[in-house]
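Below: one structure, written as structure tokens.
A, B, C, D and E label the chains in the order they appear, each numbered from 1.
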Amino acid sequence: MVKNSFIFLVLIGLAAILLNLFAGFNGSTELGTIAAHYASKGIEEVGSANLVTSVVVSYRGLDTLGEVTILFLSAAIIGFFLKVDNTDNKNRQLKYTSEILNTASQVLVPIMLLFGAYVFINGHLSPGGGFQGGAIIASGLVLMFIAQPKKEMGHKMINIVESVSGVSFVLLGVAGILFASGFLDNKILSLGKFGTLFSAGIIPIIYILVGLKVGSELTGIALSLKENQNEA
Amino acid sequence: MKILYVLFSFFIILNYGLLQTGFIRRITARVGKRIGVPFYQPYIDLVKNYAIRSQFSHGVMFYLGPVFRLSGGIGIFLFMPLIYGNEMFSNFSMSGDLILILYFMFIGMLGMALGAGEGGHPYSIIGITRGLSQFTTIEVPMTLAVISIAAQYQTLSISEIVAAQQGGFMNWTIMTNPLATAAAMLAFLGMIGYAPFNVVNAPQENPLGPPTEFHGTFLGMLQTNRVILHVIESILFMNLFFGGATNWLALIVKAFIIYFYAVFIGTVFPRFRIDQSIKWFLFIPTILGILAVIFIS
Amino acid sequence: MENITLQNISLAIGILVILIGLWGLLTQKNLIKIVIGFALFDTGIHIVMVSIGYIKNRTAPIIDSAVDMNNASNLVVDPIPQALVLTAIVIGLGITALMLSYVLKMYQKKKSLDITNYKDLKW
Amino acid sequence: MLSIILALFLGILILVLAVMAVQNKNIVVAIIAAGAVSLFASILYLVLAAPDVAMTEAAIGSGLSTIIFFYVLNKIKRQNG
Amino acid sequence: MVGPIYIIAIALGTAFSLGFFKNANRNISFSLMFLAMAFLTFISGQWLYAFLTQQQETIQIFTAGFKPPFSISLQMGFHEAVFLTMINSLGLLSAIYLFDHLREKGVNMMMVFMLLFMGLNVVVMTRDIFNLFVFLEISSIALVGLIILEKKQDAISSGFKYLIASGVISGILLIGIVATYYYSGSLYINDLISANLSLVKGGSVAVFLIMIAVILELKPFPANGWALDVYQSVNAGIGPIISGGIATASLFILYKLLPIGGDAWLLPIGITGVISFLGSNFLGIKQKSSNRILAYSSISQVGLLMIIMSLSTSLGDKFEFVFFSVLISQYLAKAGLFWIAGIINKDEIDDWNILKKSPGLIVLVGIFMFTLLGLPPFPAFYGKWELIMNLSQSGNFVWVGIILLGSLFEAIYLLRWFGKILIKQDNLEDLKIKFHKLIPVIFVSFAILLFSYLTAKWSGLIGIKYYIPFIIALLIFAFDFLPVFIKNIAAISTVAWYSYVLIYQTYIPENDILRIVFGSIFLIGAIIMLIPGFTFKGKRQGFYPLVILMFSGLAGLIEARTTFQFFFAWEIMTLASYLLIIRGKNAVKPSFNYILFSMAGAFTMFAGFGLAFAETGSISLNALADVLVYANWAYALIAIGFLVKIAAFGVHIWLPSSYAEADDDVTSMISAILIKSGVFGLIILMLSMSLKNAVSPNIPYVLGWIGAIGALIGNMMAIYQEDVKKLIAYSSIGIMGYILFALSMMSHMGWLTAFTYSIVHFLYKGLLFLAIAGVIYRTQTRNIYEMGGLIKRMPLSFISVLIGIITLAGMPPLAGFAGKWMFYNAVIMKGWYLQGAIVFFSGIVAFLYCFKLIHNIFLGPLKDNHRKLKEASIWWLIPQFILIIGIMVISVYPKIVVEPIGQYLSMYFPNDGLVWDGTTASTRLGYWDATKIMTVFAGMFGVLFIILYSMSRKTQLVEQFNIVFQGERPERPETTHYAHNMYAPYNKALGFLTAPFITSAWKFVYESIHSISDQVRKFYTGNGQTYAMHIIIYVVVFYLFINGGF
């Protein structure tokens, strides 16, 4: 108890620091110069209606690459960590799931996958994008695994999707150096007509790749955690 | 020419020493209600020892030990000015000063120790270790006294120390620096090696202490050395503390009194164990010596 | 009343969630609860981030028919914090998943979910 | 004004759920509470004009991560039994 | 040139495409990864090269086709290039090292490995703070992945601790970043710097959060328990990545973000560094696990680097030099040690003596450890020097003290560890070394050597001449396979050539008596002491390079003209002698004491030089004379260093056992020669400082007392020793006490005494040790009571010892008396009567052990097992007789030595000198004519001998035991050899003087440090939560510290 009160005191201290951090915080009333630049010039420069998308994919594309890498890393580590022991796999006892879930999943999964794809393809026009779409796809696949544990969808395919999309992402970035003015430069494709699906340079392509990659990575993580492993 | 003078002085000192030893033995015997040996007994001993023809040696150092020992004794004599103001009897004192004499004492000790060591007799070595142990502590008050008078007279030359004491009884060091004199005179007891500080030779328990294995000519040399050493140490103290001597008579009288003082104490007091004597020397005489140094500086 | 704006409220919520998350992280002994604490800590930070980017009475940073393209900078909220939050959320998920896999593995080795049992190395 | 009231309401909800997530002894409840925190947070994001974030939080924070939590919990329970 | 952006592209592309190879042959995937790492290294290397040689400008790399602040930009400048090259080459080497692990664990781990380095690269280059956060996360997550290369329980739980801790830290960083964005409207670091965020209250807190998070990434003590556990549990191949890769990159982050905080942050960072440095090193003392020790050491070094960083403004243009020399040496050495730890695969340092099987690795470990400790000639030495000088100059004496104290703690645990490696033990298991693990280690060691050279050149502190000994040592090392005989000839001729150049060609024309005297002792002494080397059989691996180094260090002392050169040579000499001592059979513990005391002494000396520099701004040795304000402190501090070397009373306890356990000829070298380096140093110091009135006379006065007591205690101890080498060793302490006493008198006669003693001590101590060594070599025992009667078997050695002890005891007519006589004169002139009496008394005490020495070995009965011994080898005897000749010459004709010294000293002490009249020397007190005394003595001795001989021609030699023994004839030599505990009564009376007060006192200090360290480290509970708690407490306390309240 003494220890907890001490922790409480320390957290009070931390709270005091955070209060100081935002002392007199009243919210911004104006955009900062950079944000204003994005808002006013974003369309002209990047061509995406969703400003968040133009920031995420274009202006701060390197962050996104890093972020994808983090998920990739987590997936790789967890995959290695909780490695499936194949010999064990055969004797595995499968739990049967309920009929309702099973049926629901058969209906829901395709819809979810489609919705996910929609979300990342339209990332430059409406809210959403690669991450969200990828997460939705992953959720759909996870749902499928819950419903149909026997369904074999190995890591192999996930890996391939993951790698292909990752490598393509990097290659697109390099193409930016070669054909435009820098790594991950958006303008290797023409910006197209604002507001249409095929606009905003390579943003849609990148978002598709991101979506595939995030989806496969999240699925991979979930799969690794779900699957049986050597339980020694 | 110098050598002749030196030999002459040596002759005097040797004979005086032998006689003195004889007399002292007689006197101590009388004190102990015994008749004692005749006063010429040391001569007889010496002649007898030198005359023994057959002798055994334990090795080179055993053989050379007595030579070293006697060299040490005579060495002190050689560098000691005897009669103040007399060039003839100042020996080789112009080649070395008080420090040389203090350190020359070690040569004899080392020689003795080496010889006795090679003799291989454990009693010799026990005697040697006792002697050395005791000697180190005797030197403490002695050194302090020497430093004190050297500082007092600002010289280390014995001749100059004697010169500074000329002009009457009141100029003697014993009057001008009584503390140093006291310390040194207590140390003197140890140097002479009578009781209470004679456990080194320990006549009762060990056959003879360090000289155990020596006999014949070797023993003769040791005896010669002992005789000379006693006299020359007395002379040293006379020079340092009692105004030196301007003629042979004064020298003999003063030396005898100084020596007799040691004998007197020796006959009166019982013997110390070696660790007791070490502690004793480091106690009263050393304190006196330190006081002497402090007062002078 | 002046200070009770949307940002301030959400900011306060964010900070409180951060603190609650940390409280859980620091006091709970159960490994899974610790991870939950961490997830809350993350969520709190995200709330703080979003509320910082909010500007009163403005719309989402999407240029559509409702937003005049030429006057966008005066109409939309700040897109940058939102972009950052997107990244942060994904990173947070990665870390949370990683933590959970560690929890799983730790449990497999020692059959315990109590963090005080995992002091193999110290000093 | 309406949005403020909504935000206050959401805030209280979030905080209560958060405390629940941290303090409830039952881990299942805790996990669900944590997922709910994310869910309400995503609504809050909508109020704060951040639809992108809201979607992400809903999909990832309240969806996937809750699933992952349950997976792990299940496995732990299974190993226990 | 290949653009830096390709680092990201290649690394990411490779990592992603590795996914295709999951089921393929792992050699392929590994090769792919390896190629990518090599390419990364190549890119960064070529940029570094361009910056170094072609005056390449710093470039900015824009991404997404927009300029910052609108997009993320990277920067490639000189600093970036250095850091990237370090990180990437580490990655390459680590890949080689981890080859089998990575291959075994599969593609996933290769990806993780690759991405870790990719992340670090971007972290270094990026100029966007959020981007920095993202890639920092990549690196930490990748590290978490690498932790489980070993799926051990402790690794897994430490990984969890790491996750929690780094999660909290990155949360704090994220809050800080967002708040910063709120207050500045930008994430571009350059914008943040110019935004002056600290002016706004919230802004300053935001900066605080960023800075504290970055500091926490550096794992500052004490909020670093998680990192320590990780270090300890991970595969040894990962250790270097953490300490050399992640820590390095984190340092760069701090460096990069520091301008955001502004100058106000310099002090807090410095203090953090100080706490880290001192704390980690302090806690390192109690550690037993090699990886954990390295962890503590890493953290402490990071602390040191933070200190350096905080001083960037005051260091000015020296900053880069200091920073990089420390950084790179720690980076290389730490990597090497971690890798070796992995090769050995034993966590407990007690088990490291398995290395005995491969001496090459021991050499490498030595190089790495000494690099870490900042000993010369390794690079950090130069950096530390500049750092201390600079700190002193800006008045930060407390910091100097703390840095030196911390370094001392570090020395304690590193050197103890080094010692453990060398402990002899039988039945060691074999060490299996995989070749690919060896490659990086060797590479790193070469890099250290190369970098040492470069740093030295860059520093401009020493000339090319200082490398010659190293080159020679390396050459000899390269030809170590040759037999001793050849190497010995080579060593002797090298030293001979050097002494010819130095003494004959340089100092004799200059008539620089001081340097002629000590140069001769050091170098001619070296030649003499090397002669016995011919008796050794086999190769004696490693001996000669060290000998060369030691003597070159000594020569360097003579040659030094600046404090730096002096210190450099001093450390070389200390280090080499330590390594020579540790070669002895049981020398590990004693040599540890030796090096510990030496290091402590060296550090105080270092501090003293710093003080001197602070005042004069010059590192010239002559400038010491201009020190006025700090004179007392500088003088005392420098003197302590020398006092340790001459084993003055109070710091003497290292000496006896070191001497005793060293190899026999090494003992002769160090006791006769090496110890004089302290005397030389004191002379240099006193000549330049004491003679000016700035130094309080109390200091020499105190030194005088120390010398006097040292003389007494040393000699007192000597008489009770049963180990013959210890006996002589204690006697050295005594003699050094005399010399110290004589020097501190600060008078003509005193110094003349000291010089004479130095020369004479060199002669007789060398003589004694050589003779005794010859005896030990034959009898195979050091116990004095097991010898006896050897005069019959080894007469020549006996003569040596006899002459040695006569000289030692200062008996006329040999040379020792010269010293005694001058000494007396000096004491009485100076008026230091009481001290003088003590010294004199101890001189007489010396007589006791002299006799013990000669009696117990050579006299008394011969032991049965020694009846067939031979005289010592000719190679032991030759140098002895050279030394005897030296003693005899000085004995008969001391004028040739004493007079020039006197003339030299008259330049400094014009009054009360020695006056020579023919062969008679006189002072105003006394006089002494060595030649005449010798003549008289020889004449008298001869006459007496002839008398004896003439009277006892028939002397017959008798058998052993043929003695008068109470009527019995003893049969065994042991019963009549009165040798063991020879001076029992003396001990009974005066034993209290030799009670080991000083040893106990030091032991108490040493043990208290250990037990405090043991108690303090308990706060690392091992609980991940507690560690997270530490982090938050750290943040809060730091905030309070900076703002003084909330």
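Just so we're on the same page, a residue touches a chain if its C-beta (ideal position, glycine included) is under 8 Å from a C-beta of that chain, and two chains touch if they have at least 3 such contacts.
Source: prediction; values computed, not measured.
The chains touching subunit A as well as subunit E are C. Chain centre most remote from that of subunit E: D (centre = mean of CA atoms). Contact tally for A-D versus C-D: the pair with more C-beta pairs in contact is C-D.
In this view the innermost chain, defined by its CA centroid being closest to the centroid of all protein CA atoms, is E. Our note on geometry: subunit B versus subunit C, Cα centroid distance of 100 Å, whole angstroms. Each chain gets a centre from the mean of its Cα atoms; for subunit B and subunit D, those two points are 106 Å apart.
Centre-to-centre separation of subunit C and subunit D, using mean CA positions: 11 Å.
In terms of their C-alpha centroids, the spacing between subunit A and subunit C amounts to 16 Å.
Touching two or more other chains at once are residues 7, 11, 14, 18, 22, 25, 28, 32, 34-35, 38, 50, 52, 60, 63, 66-67, 70, 73-74, 77, 81, 127, 129, 131, 218, 221, 225, 231 of subunit A. Residue positions of subunit D with contacts to 2 or more other chains are 50-52, 56, 60, 64, 68, 72, 75, 79.
Looking at subunit E, residues 130, 134, 137, 141, 144, 148, 151, 175, 179, 181-182, 187, 1029, 1032 sit in touch with two or more other chains.
A list of each chain pair in contact follows: A-C, A-D, A-E, B-E, C-D, C-E.
Residues of subunit C that touch subunit D in their complex: 4-7, 9-10, 12-13, 16-17, 20-21, 23-24, 28, 30, 32-33, 35-37, 39-40, 43, 46-47, 50-51, 53-54, 58-62, 76-77, 82, 85-86, 89-90, 92-93, 96-97, 100-101, 103-104, 107-108, 111, 113.
Listed in rising order, the residues of subunit E touching subunit A in the complex are 3, 5-6, 8-9, 12-13, 15-20, 22-23, 61-66, 69-72, 105-106, 108-109, 111-112, 115, 118-119, 122, 126, 128, 130-131, 134-135, 137-138, 141-142, 144-145, 148, 151, 175, 179, 181-182, 184-187, 201-202, 205-206, 208-209, 1029, 1032-1033, 1035-1036, 1039-1040, 1046.
Subunit C meets subunit E in the complex at residues 18, 22, 25-27, 31, 34, 38, 41-42, 45, 48-49, 52, 80-81, 84, 87-88, 91, 94-95, 98-99, 102-103, 105-106, 109-110, 115-116, 118-123.
Note for the complex: subunit A touches subunit C at residues 4, 7-8, 11, 14-15, 18-19, 22, 25-32, 34-36, 38-40, 42-43, 49-52, 54-56, 60, 63-64, 66-67, 70-71, 73-74, 77-78, 81-82, 126-127, 129, 131, 195, 214, 218, 221, 224-225, 231-232. Listing the residues of subunit E that touch subunit B in their complex gives 789, 791-792, 795, 802, 806, 809-812, 817, 820-821, 824-825, 827-828, 831, 833-834, 836-837, 840-841, 844-845, 847-848, 851, 854-855, 859-861, 920, 924-929, 932-933, 936-937, 940-941, 944-945, 948, 951-952, 954-958, 960-965, 975-978, 982-983, 985-986, 988-990.
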